[in-house]
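Two complexes come next, and they have one chain in common, subunit A, joined by subunit B in the first and subunit C in the second.
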Partner chain A sequence: MRGLIPLFGFAALLAVLALSILRGNSDQLSYKFLNEPFPEFELTELYDEARTIDQNMVGGEITLVNIFGTWCTPCKAEHPKLVEISNNENLRLIGLNWRDPRTRAKNWLAQLGDPYDFVIYDRLGELVIAMGATGAPETYVIDRQGVIRYKHVGMVTDQIWTETLQPFIRELEREE
Partner chain B sequence: MKRLVVIAFVLLAGFVVGASYAQDPQPRPSEAEVEQRAREIGRGLRCVMCKNESIEESPSTTAQDMRRIVRQRVRNGETDAEIMDYMQSRYGDFILLKPPVQANTYLLWGLPFMLLILALLWFWRAARKYTDDRP
Partner chain C sequence: MVARMIAELGHILLICAFVIAVLQAALPLWGAHKNHEPLMHFGSRAALLQCLALIGAYGALTASFIGFDFSVLLTAEHSHRATPMMYRITGVWSNHEGSMLLWVLILGIYGAMIPVFGKHLPLSLKARAIGIQGLLSAGFLSFSILTSNPFERLIPAAYEGAGLNPVLQDPTAAFHPPFLYLGYVGFSLSFAFACAALLEGKVDAVWARWLRPWVLLSWSFLTVGITLGSFWAYYELGWGGWWMWDPVENVSFMPWLAGAALVHSILVLGTRGSLPSWTVLLAITTFSLSLIGTFVVRSGLLTSVHAFAVDPERGLYLLVLLGLYTGLALALYGWRANALRAHDRFEPLSRSGALVLNNLLLIVTTVTIFIGTFYPVIIKGVFDDDLSIGRPYYTITFVPIMILLILVMGVGPLLKWERDSRLHLKSIVIKLAPVLALSFLFFFVLGKSWLASLGLAVGVYLMIATLMVVWSRRKIWRQQSAAFFGFVFGHLGLAVMTLAITLFTSGQMDDIQRLQLGESLTVGPYEYQLKSLNQGSRENYVFTAAEISVFKDGAFVTPLISEARNYRTRDMADGQGNWTTEVGFDLGPKDTIFATLSEWDGQSAVIKAHYHPFVIWIWLGALLIALGGFVSLADRRLRFQTEINKETS
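Here is the complex of A and B:
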């Protein structure tokens, strides 16, 4: 029996490490800006180079901020869902276009439909890095105070929308 | 009188220009210096897409943008610590390939030493038992 003590010790150590890894992988737990104000930035609008957009234009109402790029295949796959949300919901959608030439992004939206109220143009990833994003697509729920309340990594699918994002937004609407 | 005013003005202008140069403590780093420092900093930052690679090694788009931002900040005269702090403020401790020693990493840093001590104790006890058992 005494000979099994090291084995038990090893198993306990493995369990602790496995738990740490599983907890650490959660996007919500590790996300630095969760429940923090949207980071400061100053960039231009995709369609209107003369129009400057900053963090103050992200708050004011419940908003979805969606990071996308024409080079990103999952972004194309999720796009019809965003168009559907834009058509059916009274919700502000802001696009954050990342690493695209302006013309290409505009053509892409003209072709697939533009669900966004306006599009922040982030050619060099300044805001993407400033907000601690890991890639595209990513979608953030912002409350009326301009605070990031939820982060979704990956595509917005039917299931993600009906089971996660929509209930979360409804809850926010009741809360505020 | 007019000449005196002109001389005073020229002297004052010279003083102001000189002082502004004197206040610039560091000349702008050369591109080779920027590259060298940026690589060192980048080797300490984890790629958030690939997890086990630094941003210097990773081909991901996020890592490419991070490399560009690190270089820009080096050019702007920020110190290594300031740049690391900025990245940490965006991505948390996860971005650091070498985790800091703090409450939630005590186990990580202390475990190898604890295991070493346990192994030495075990070895000492086994060695004592071996010498005691010898006829």
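Here is the complex of A and C:
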């Protein structure tokens, strides 16, 4: 009977993997920085090269950080939703521009509307990598203490907003 | 028109390969069960034919990449008329569908190796192994055809392709996947022979000696594949790290660890006839870990830089295949493992004993990494709760086990294969303990931290212990087998890696600053001065280049050219293209220095400068390990016609 131990172990593993994959929503699974303070960084503002931004400017109130690049088609698709959120909500929304020339990012925002309170300019992806992002777009929920509480990979759609992000933010608001 | 038909031909050949694989699975297994010779012989021909069909299918896809057939969806998505020839060929495996085709091609090639090199194998063992190989091929071919068809058409055809992702336009990145697959998929032979042996109810030296070169070959390829991947991530991405404990790195590392255990236990089985059921279980485990790697990367279960298009349907299909193959193999193991008898009594105090101890340590390491990688998945799957595991976990679990492993690696090869005496062990320890203690003190006095000193001492210890084995055989070195030199290279390689990892981790430095032309920044012993900023264009990109002059103690060392490249071929909507950065590297035998360019205007640029001592020896050490594996392949004792009893070492 001892010979069957590996099989039972494997069957248990398989069941768990199947459960995870059927439940979907695996975004959070391997995300190392969940419930960790926002990583330290020092970068410039998109519109104002002389203005430096660091991690202290991310905390303090509940904040959405949205990674985008003009080269990323889904970012363009989700953009109207971000503009809508920025108009309807009393919520700080920070853009994190990735791998763009400054002028191009500015033109892109001028064309599509700028929902962001300010935009961190991260040409090399230093902060993007430090945050453990895997691509664009990605949207992070940061709480008042400056801790990363939620990560959404992919576009913020109407459904994601009303069913996931908005309720999550409401709950955070009630926490204090 | 004819050129456009090539993709159809490829698709048909792929389906042919699937049909052949089904027959290759069913008939020889049935033939072996009924002892029907013609059916058993059929397997050999089927395996060869399946391999040819796959070569044809793969050739067809490559042809449509080379010939810019943008009516094939995959070509349109991953090639472009401006893509250089080399990256048109490697572009075939730069995506999920194409790389899956490469995966099944390699599976087919390994399957064909059984009839080609296995003429002397017992007929029923051979037929069963070929049948199981066919079963594997059939499953993965059906996956390729049903969920990931590489020949899918694009109607209407695109006028121009989207081009290959620029970060993949690099030789080390281009050849990382084939080597990795040659490793992963090579373990299918271990799996097939393990299952065949269980069906036969017999594992012996013939079995172990036929299989060992394939285990060595796969494991060495996997070593090269992982090394290339690590080097690429370091060199191309310029993140400043060589290993991130990223889930996808972990899933390639786990079969490597289990494979390392298998390489050693199959050696014990081939020479001493002991450990049959353990070896069979390891063979199944190693390939299953490869399958888990394939599943994880292609299901989107874990997010990482490698994630292919996330598709739950594909994930589920692969999970079913994994469950089927590993489940059946383990059930077979549970049913038949008792039939496998050892031919030799196992002696704890012997070289085999040390190998077994290290086998266990390797498996403990594998389990540790497995837990680190999958614990978050399990918690999420069962309790719907989030948690994460990072580098600190791996540092406190992996490092101590590795140190223990290296200590055993030092002593083991100095012991006799047969039962050894406590006195001999004592004399070995008396020689080696001072090496460890003195080198620790030496590095500690030099100012290294206690952890760094320990790492370095352990590296020196392994190197000296390995050289002691060489020294003890200096008079009979001409009689030493290839496997002996393989052992020397492999173990020295690990010693080199251990030293390099410790020196790198404890000595690396970096800094970032905006520099005006002529200004400089100091990192470690080096001074980085921004000399000039230029712009220009090459084959398929335009670039901005910063020339940085590096000085050490006031003397000029080297120029570094860091570039930001804009590939015209991707995302041309506003004519600005996509930017990537090319890191200005100076890879040196001692110090590696590099600088990245982020922002610039005419007069200044933001430069991040790095100083990495000895980092290159991490990969050279790894390649030395792989070389050890390849060298061992030349061993005459692996030709299994030779008598087992001729053993001398």
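Annotations for the structure displayed:
In this section, the second predicted complex is superposed on the first by the 151 of 176 C-alpha atoms of A that agree within 3 Å, B and C clash if a C-alpha of one lies under 4 Å from a C-alpha of the other, contacts with A are read in each partner's own complex, and residues count from 1 in each chain.
What we mean here is this: contacts are C-beta pairs under 8 Å (C-beta built on N, C-alpha and C of every residue); 3 or more make two chains touch, one makes a residue touch a chain.
Since this is a predicted model, take the numbers as computed values, not measurements.
When both complexes are overlaid on chain A, the residue A:E89 reaches neither subunit B nor subunit C.
Annotation for subunit A, partner touching more residues between subunit B and subunit C: C.
In the superposed model, A:V16 lies in contact with both subunit B and subunit C. With both structures placed on the common chain, the touch criterion links A:M131 to subunit B but leaves subunit C unconnected. By the document's definition of touching, of the two partners only subunit C reaches A:R104; subunit B does not.
On subunit A, the patch touched by subunit B and the patch touched by subunit C overlap at residues 13, 16, 24, 30, 32, 71, 99, 124, 126, 129, 134.
Against subunit B, in their complex, subunit A makes its touches with residues 13, 16, 24, 30, 32, 39, 71, 98-99, 124-126, 128-136. Remark: subunit B residues 48-49, 60-62, 64-66, 68-69, 89-92, 94, 107, 111 touch subunit A in the complex. The touching residues of subunit A, counted against subunit C in their complex, run 1, 3-7, 10-11, 13-14, 16-24, 26-36, 44, 49, 70-71, 99-102, 104, 107, 121, 123-124, 126, 129, 134, 153. On subunit C, the positions that touch subunit A within their shared complex are 239, 247, 277, 281, 284-285, 288, 295, 299-305, 307, 312, 315-316, 319, 322-323, 326-327, 330-331, 333-338, 373-374, 376-378, 380-382, 384, 386-390, 570-571, 574, 576, 578-581, 596, 598-599, 608.
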